[in-house]
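Pasting the structures in now, so scroll down.
Note that subunit A is present in both complexes that follow, paired respectively with subunit B and with subunit C.
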Partner chain A sequence: MEGTKRTVFWLVLPMLLEVVALFVIPLLVLFRYSFYPFVPGQGLVTGFVLKNYSKFLFDSYYLEILVRTLWLGFLVAFFALLLGYPLALFLAKSNSRFKTVLLILVVLPLLSSAVIRTYGWMILLGTNGLVNKLLLQLGLVSAPVKFMYTLRGVVVALTEVLLPFMVLTLVPVIRNIDRSLEEAALGLGASKLRTFLTVVFPLSLPGVAAGSIFVFVLAISSFVTPSLMGGPSVRVMSSLVREQAISLLNWPFAAAVSLVLLVVVTTLVALYQRALISAGKWEVPK
Partner chain B sequence: MVDLELRSVSKKYAGSEVLAVNNVSLEIEKGELLCLLGPSGCGKTTLLRMIAGFVEPTAGSILVKGQDITQLPPNKRNLGMVFQSYALFPHMTVLANVEYGLRMRRIPRTEARTRAREMLEMVGLLELEHRYPRQLSGGQQQRVALARAMVILPQVLLLDEPLSNLDAKLRQQMRIEIRRIQKEVGITSIFVTHDQEEALTLADRIVVMDKGEVRQVGSPQDVYDHPVSRFVANFIGTCNFLNGVLEALPAGSEPAVLKTDSGLRLWCKGVPGLATGQRLCVAVRPEHLELAPAAEAERESAPGVNAVRGRIEHVSHLGSIVEYHVVLPGGERLRVQQQSAQSAPSVAEGGTATVKWAVQSSMCFPE
Partner chain C sequence: MTRYRKPLTSLVGACTTSLVLLAIYLFLLAPLLVVVLMAFNTSSYMVFPPEGFTLKWFVAFFRDSMFVEALRTSAVLGVTSAAVATVIGVPAALALVRYRFRGREFLNSLFLAPILFPGVVLAIALLVYYSRLKILGSFIGLVLAHVLVIVPYVIRTVSANLYGVDEALEEASLNLGAGRWRTFFEITLPLIRSGMVSGAIFAFIMSFDELVIALFLSGARMTTLPVRIFNFLEYNSDPTIAAISTVLLCVTLLVSVFVPPRYLGF
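So, the complex of A and B:
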């Protein structure tokens, strides 16, 4: 056992060093910066003030950005679940020949950059884009729907960008549900729908929780899609940080905003891990 | 009264050349416990799953109390199934598991609860009703599965190797338990197993299957004492086999004569339709063989009793019985079983002895 532990230590060490050097230390620096006072034109001035946090927490403008970001995350997670669950269910259950093809199609978007995919959506969702032309032709709307520079557009594009993460989280959870449980339910007189509602869906809830939190976290910390699709009218936390740090050179405030976002994200990741652990809690020992 | 009837049921899986189940016809009486017995891959589980409705037959029909259910989906069949893995719903308590089938039948909540509790009492688990399956031992899970399947008062109870996940001792207890409950409720049951001992202790009738076909149907004693083929004789219990050619047909009081491949001449029981020169296989159960001191050999070999000399290669004490492995001069090996109390002290490992058996206790299978 001693030897194994030592081997594990040496195997983990390179990654550990990398994480400490490139993540933990910068984060501590960021934490320190967030308490510096901001004096325009003087660069970084050392000191200790709580002003950066109070500015964020007591200004409705900034709080609105936080709420909008969380709302965006919720909407994206909700729609990703709505679209992703049936797909995951099919991928997990079907023996169809097209299953592999479909799975590749799900993963394929991950191989292209979010920037490219967002530009794609900008073309499709523009005022004269394909989607609006189609809606007008079908008579579903009388005037073009405004997608560009609205939260709606950001939700559409982000949902597509993050859908693979939802599907890939759900598939193994659904696939691991013992098939004989469904047969048992059917044999006891449950219809296919009731079998799904009383057996399959409840047993997939840990996957639903994990996938939703995963997508939520990725959505609220995304930068490219909200900036390109939403522009200045859909401000989110990430675009606020960028603006403060790059345009206004207010590094202490940018640091404080980043840390607020970090705390929210970390809390949710902790919940995500607990959801994953509870996925194993229904395992029946033999 | 016939509760369940199978009429020429066959199944061929897509992409497979052979029939998983080949033209099986069976009738199961009310209250009967029928065992489907066979090696793995013999089609017994496929047959059970067709009755349950999880596998669609390629041909034939399945009738319950005279009503054709071949086309009914599993949830409309009113059959109870106990799975090999128990398949208890892990997110429901023991009570909720047992109530499930009643809830699906829209039986009022209070009545469902009463009936579920009665059934749990019958399997002796009432005090564990609020536990989750993961908090139960294998044997307890097994009982819950049984209660859940029976509470819906199914027309037929189907059990798919329900004891194979339990350890040997518990398996024997549960056998008796299942038999008790089955008799108490008087429910028609089909029990799938590959364990011949299980089939012999549990069943009213055994159906021996091999390669998708029924080889023999009969009571446990019938199948053990009068197997119809070498396969059945070999699969149920243990058997010694001697291969050879028929040398002489039965004549008067003398039985037929078999010349084994190693040149040994043995008396053997005649079966109708034999011809000299035909290849035969003689089978004798180890408990029908008897050991005697070597000197007795030729003297005892009268018509009706075979006596062959051999060397005792190995002796194993199996508690109440002793098993001897005897090598005949021609190289054939025989297993002889005797009650421990009767084992002769003169026959020890490495020595020679005479193996004797009555022709009447042997079986003869043309090849």
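So, the complex of A and C:
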């Protein structure tokens, strides 16, 4: 027994050191930093003030950024669900020969950098981009739609960037639904649509919740797409942190803003894990 | 009546389904396709269909010493971080899967936590911390930061592999008198090789593509390729970037070919 304990200790030690030294301690330092006062041009000034948090919470400019970030998360989660659900349903139910290929095509974008995919959207959604040309030619709009530096453009690009996460969360949940329930409904004369609405969809709701929260969390903490597609006119929490930290060198305020974001994210992740547990997908490995 | 109507409605249904799926796939893959098309297109604007085939944007990329230097940095950083992550991650996965001990579940969630952690929060935390330790802008600092966010991928794939390996094989080896080390190197390691290789490849890809942490931590002296592209894109756009992105994409695709589909996921 003593031998086992010692083995486990040595096996986890390197990882434990890494996590403590580069995750736990830096976060504690960040927390302390968020209470430091900021004096421009003076570097580090120690002290304890609540000003960084009150500045965020009582200024409508910053609160607007928080609200915009949450609204962005909501829109992206909604559209990702709208597009992801049919795809997941197909991938979970299909017996197609190309199923593996089709699944890999969903994963493929995940293996490429978000920078590249956002760049692709910048080309597609420009004023003279392919999307606007198509919309004009089809007569759907009379003037080019402005996507660059608008929330609309960020939503389109970010939905695409995060869609695979939604699909990959939904597929196992839908696949785990007992087929005999569906067959029973069909056998008893329910139409395909009715079977879906009254049997499959309700049983997949925990997966819908898990996928939506997951995408929401990734959307509100995403940095690349809002920064490039949105620019300074669509400020979100993460780009605010960068602006304060890198351009304005106000590290204490950047620390406070990032911790506000962290609190929102942590709360949602707790909800996400509860949704996954009730979906029966996420179990603590035994 | 319904007997006659059914084939038609199901045909219409099948067509609608295919069209909807096609549209979703098009949406999902359009940005990558357009970048690759742009990289080989003679015109410096995005025109569709492409005007002509050229490699001039690739030549422009390889002539630009800043971008080539960034590519080199990213490759070295990715390989180093993936190697360190594998060396740290495999023993951790072994302990979490093969042993029962107090605090195991806690360690499991602690080790996987960096995956769901907002990158920008980690980036600012490390920026503040590194500036205190005076290692801001150093290569080793960037390696350690990347290791933190990529080890979870190694732990996950290796764990998945370990669960599929029969423990009895290891027990037999121990019972026959082989020591723990010998059992590990001669029995366990060969059995989890595919999980280890996949984990290391994932780790490399994640480090190679990582932007936010590198953006906060790398200085003017040392920049990774994603950071260089990001900085460039904030103010300009040029098909050279499409060529670079295509190179980046090819590197990622080439290495991910070696990952068995069952380990693909997130």
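Definition applied: the second predicted complex is superposed on the first by the 266 of 286 C-alpha atoms of A that agree within 3 Å, B and C clash if a C-alpha of one lies under 4 Å from a C-alpha of the other, contacts with A are read in each partner's own complex, and residues count from 1 in each chain.
Note that a residue touches a chain if its C-beta (ideal position, glycine included) is under 8 Å from a C-beta of that chain, and two chains touch if they have at least 3 such contacts.
Everything quoted here is computed from the prediction, not taken from an experiment.
S.K.: On subunit A, which partner touches more residues: subunit B or subunit C?
M.R.: Of subunit B and subunit C, more residues of subunit A lie in contact with C.
S.K.: Of the two partner chains, subunit B (first) and subunit C (second), which one does A:G129 touch, if any: first, second, both, or neither?
M.R.: Touch status of A:G129: second partner only.
S.K.: For A:L203, select first, second, both or neither according to whether it touches subunit B, subunit C, the two together, or no partner.
M.R.: The first partner, subunit B, only.
S.K.: For A:Y85, decide between first (touching subunit B), second (touching subunit C), both and neither.
M.R.: In the superposition, A:Y85 touches no partner, neither subunit B nor subunit C.
S.K.: A:A184 in the overlay: touching subunit B, subunit C, both, or neither? Say first, second, both or neither.
M.R.: A:A184: touches subunit B, not subunit C.
S.K.: Just to be sure I read the superposition right, which of the two partners does A:R194 touch: subunit B = first, subunit C = second, or both, or neither?
M.R.: A:R194: touches subunit B, not subunit C.
S.K.: Quick check on the output: what are the common subunit A residues between the subunit B footprint and the subunit C footprint?
M.R.: Residues common to the subunit A contacts of subunit C and of subunit B are 284-285, listed in rising order.
S.K.: Considering the complex alone, what residue numbers of subunit C touch subunit A?
M.R.: Its residues touching subunit A are 17, 20-21, 24-25, 27-35, 38, 45-46, 48, 87-89, 91-92, 94-97, 99, 101, 105, 107-108, 110-111, 113-114, 116-122, 124-129, 132, 144-145, 147-148, 151, 155, 159, 163, 180, 205, 209, 211-212, 215-216, 226, 229-230, 233-234, 237, 241-242, 245, 248-249, 252-253, 256, 261, 264-266.
S.K.: Please output the residues of subunit A touching subunit C within their complex, sorted ascending.
M.R.: The contact residues of subunit A facing subunit C are 4-5, 7-8, 10-12, 14-16, 18-19, 21-23, 25-27, 29-30, 33, 83, 86-87, 90, 100, 102-124, 126, 128-130, 133, 157, 160, 163-165, 168, 217, 221, 223-224, 227-228, 231, 237-238, 241-242, 245-246, 251, 254-255, 258-259, 261-262, 265, 269, 284-285.
S.K.: Applying the document's contact rule, which stretches of subunit B touch subunit A when the two form their complex?
M.R.: Within the complex, subunit B contacts subunit A at residues 52-54, 73-81, 83-91, 100-101, 104-105, 133-134, 138, 141, 148-149, 152, 165.
S.K.: Under the touch definition given earlier, write down the residues of subunit A that touch subunit B in their complex.
M.R.: Touch residues, subunit A against subunit B: 178, 180-181, 183-192, 194, 198-199, 202-203, 281-286.
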